[in-house]
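I have a structure here, written as structure tokens, and I will follow up with some questions on it.
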């Protein structure tokens, strides 16, 4: 196992960081949070740098790189809690189209992404469940062609995106795995913004009332999409975990700087041993989350069989880290951390919201338990898989 | 709610502590642990001081005091990790006889206890379950009179006691609540000592092979004992929790003295803030366990309806405290805490064993969840009882 | 030891309960005019506090002329139990009632008592407390706001921060450095500062959950003149006032928190047992049951710890055991909302339910989690409480 | 970044694996004559280590004359992976192989290398390490064992403690104070002490789990004479040897621990899924499933953290990142046994299964919990590791 980034990847990280530090200060985030101003220039800049095109094949107009490069960008985006459609477009919409679409559909939709079209993924019900078999919508064939979608989808990132990849369940009696996927255009479903904890990451509820989807927007074959959706959700989950690592690192750096500078009782508060030990524990949590997310990124990049397990492990570790860092981030800063004025609240809310999206730590631990053979049903197989 | 001990109770505590400090040093404990020498003189002294008689009614030859007085003694016994039959006799055997026996049986068996006869309680199977309905033994009527007992009972404290209160299940088809209780004399069952973690608290497995119990040793009415056994086990549980509080206090005092005396880097290790904060957390755990145990003791003493809930809460809090104190007790002492020579290992093992006997914290939390209406079954009533 | 109070105490409780029932402010007026900060008294609140004062139910342990009835410690305990249970506000300017007024009574001249203490009790004036500074949060002795004695009084220059209710308070009990050459804690004095004095600038610091909601403020003093007679206690003698002020009534603060936590845990237990809008029942999850049972036990334990402390050390005296209850209670509150936020999962990111500063028992779970840091940070952080326990209760050496 | 090694590296692995298969000691001889301490080499162990040395598989990163083959860092990683997986002992006198020998090679004279380093590598002599003292456990610079230079050599007086394997070691690498007037860390020297010298008394300190099992010892020195030529490095220059000695090979210690933890977690997962003798299946308990899943993730994470550290900082260099792995790994081990002890409940108090010092993967769960404190206490307690991380990795100020 080699966790060293290539020189090209390291250079990508440096240039991304430089760009984001210049063009995505927290002033940009506050424009959205406090004044509702969408970060259009930032997104335009990312498109100009080919970031959305990075992992799209050259044949579809992309740059032809892989998930490790996306991972590098997403971690850097998390570091500056960048607002905008990157995460939903590149790590949710694009993977779903790639996994479920026909070659023609992949070409059509991903070519658009490569040139700046935005997208997102809609699957979860109100309880927060991204497993394909628990998709919130139902789909049925429309007499005369196309399909009809019904229901409400929750927790949709960037619900105003140009294209929305929608996952739905078919009737119980249908053939195949019962899961279908569609791409519906902006405005096709009623979109209700949700007042979220993290206002820098808007979330939408989408309502479908017998919406007709024409055949060319039906991804692949309905009833044959469960595996593809599962893989896309794994990729989205790992990307979110990586973004959370970036945000946690930002929290960590911010509090660490504060602890070195802020004096109480005549010395820097970072010289108090109890504070030091908190930092040591935070550092361990961060290293654990980062290493686990990198492993998961590798399983996605190399399409390794451990990707399902690795994605859940990464989300657990990132969620645990976010819980600790958000908490100690606020607590260690004292009163300052409790104000609207200080950016810590922006970071902490992003970290908390990440912890809750795409499955909580507890939900993913349950998933891990199932995957390693720990189930309440005694008839289940018993051997624990051991990632190399 | 008034948690203040009366002057008499405070005096009892002082005299008990003085006696135990003189006659129950850890040398006495090591005699048992390292050389197998039973603490006969200590027990004789307790009998001489009427300790086993304390909570037995005057009509049965006792002193006629209540559970609070027993609570005071048990906490002090925990403080010195006293070996011997007090806990099993006074807080397990006696309550079971009191709760399940006829007036004549109460008089007969408790009068013996008051003058120094030892007793214990046998109920649990190998998995560690003290609920009456899960009793390990089965009982059936013997043609011609008396009852027959079969099975193995585990985790029996002081299994060599003079009298053993035994709980058993009746056939499914029998009348009543299906639970019966008996008193069998020493040696009636095959007794197998178990090599336990805490060698100062020997535990035995008892094997019954169609043992005949004559009618005068059948407590009360078979098939009518579930409630009485439940109450006796609650009392035993609260007593163990109190004993654990005493042991945890001893661990705490020992480490605190060490932290004040032991120097590293030129200062007492107790002046390091990380150590200080550990002590603060230990102190909170100890206060939580003690206050919760005292509340439970009050519900036993006043026979309050909250006793079932209170007993489980007390065992959870004592178990949590024992887990923390045993761990930090060893850890904070460093290498010294890792040796056989230092008494910390005796205290820590007693605390750990207490944590595991009569239901672990997790098991009692599950019990609490059921009692406050948290069950997986939606049909269950919902309101949480609120102890005043 | 016993579970119940005697009859006389229960009679006292019944009397209070009947009085509260007959005299309480009505929910409609309370919600129509909510308090906007910890020093803002809407008309109903002034009426209500005055009524408590006149009836001797404001500070029952004090004599009748100070709004009390010379109640015994056990009666005071029952009083706080009842107030906590009734969910009626007792003090809408808590720092005024519980910190400033006792300090005025303990350290003030007769004239100061008449001019400031009694009007505070009668809800005629409200207070903020000028202790924390940018460079001296936990470390009061390090404060640097200066007051120089000139002909026409003290001239105050400097800055305070985290000043609750400053934007609405009539007066500030302000800790200032009057002798810069003395050792840190020997050069501090306490001034009564009229908040309408020229030279005072107030900047509210909205809290992390809502940019429009602020209780904290920064307060800037630019050559603010304070009359000489507004010095409380001896010149340079402020340090002992600080110790005394902060200690008042701490002994029973836990009752309110324990009651609130018990109620909140109870509500979450009910919530867990019901079907959520999304169809789930949290109680069907064994891990959540385990966590909720632990939280229930902890809320009960906080209460038992309070009663145990009351029995063994607190009674009439203030003790550092307060730190144990403060630490355990505020950390428990935070853990409670953290646990429930995570149990609710993605549903918890929706925070559209309206919230309010006074709605302690209301609001979205995730927001209440964020608000719970007020408990672990204000009035001595959890870290400071642990120091206090280790050093003052357990006697571990300072460095 | 990639999940797999290249073919050349896998060829290296295959070569080692084949060699181990052909040359390994047999389980029967290993269990017939178990090692009794960390400096006791039964005959099979001497043969085995000699075979490793001769084949260049003892310290592969070193040149052939020192028992190696100039292996690359990645090859060394693979080497440790294979050893961890094979569960064969690599060093039965670990302090001799991993601490003393590198120190002798780095700081020793040519004569000392010939006389001491090579015999150590060839398993002809074993070592203990004289660092900790009663008054200087974590604080090496505070040691007080004294050595005075007389005509016939150094005369050593004082006491060491926690000296692993002292009762079986041939020599002690002993840290002594040679200049009592110099600043604490400038008056220390390192001596090679023959453990059979007159004046040495050894008192074993049995461990908390078994009064008959001791690896630790107290070692008393009463006017022990040490030849002048047994001084290692410069007089009064011992402090830098201490830093160098302790750092050796730490970089890959985590592989062994991660492998052991992964195995143990795997075994507990199997155990949980099977019916226990008492009929329960721990996997039927959702809380236990939750805990075991977390432990599984943590054991995996330890491995990932190790590889990540190797990729970014460790490679050939020693780094304080080691502290992160040591802290996380040893705390995880303790939590693992704690969790399983509590999951087993009352069944865990039965500790009748036999245990042994070397049986790291065996023994009753509750006993292994107690033994796990060796990890969180020895070689720098968890508290010390947190200090190191905060100060050396994160740059927080010392006081």
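Chains here go by letter, A, B, C and D, matching the order in which they are written, and residues are numbered from 1 within each.
Operating definition for what follows: a residue touches a chain if its C-beta (ideal position, glycine included) is under 8 Å from a C-beta of that chain, and two chains touch if they have at least 3 such contacts.
As the structure is a computational prediction, the values presented were derived from the model and not from experiment.
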item: Taking each chain's C-alpha mean as its centre, the one farthest from chain C; value: D
item: Interface with more contacting C-beta pairs, comparing B-D to B-C; value: B-C
item: Separation of mean Cα positions, chain C and chain A [Å, integer]; value: 41
item: Centre distance in Å when chain A and chain B are each reduced to the mean of their C-alpha atoms; value: 52
item: In chain C, residues with contacts to at least two other chains; value: 286-287, 290, 383, 386, 399
item: Shared interface positions of chain B, touching two or more other chains; value: 272-277, 362
item: Touching residues (chain side chain D, partner chain B) in the complex; value: 132, 135-139, 142, 161-162, 205-211, 216, 276-280, 287, 334, 338, 341-343, 345-352, 364, 366-367, 369-370, 373-374, 376-378, 381-383, 386
item: Residue ranges of chain C touching chain D (in the complex, touch as defined); value: 285-287, 290, 399
item: Touch list for chain B against partner chain A, complex; value: 272-274, 276-277
item: Interfacial residue positions of chain B with respect to chain C in the complex; value: 1-6, 9, 68, 256, 259-260, 267-268, 270-271, 273, 275-277, 279-281, 283-284, 287-288, 290-292, 294-295, 297-299, 301-302, 304, 313, 316-317, 362, 365-366, 368-369, 372-376, 378, 380, 382-384, 386-388
item: Partner chain A, residues of chain D touching it in the complex; value: 1-5, 74, 262, 265-266, 269-270, 272-275, 281, 283-284, 286, 289-290, 292-294, 296-298, 300-301, 303-305, 307-312, 324, 327-328, 383, 385-387, 389-391, 393-399
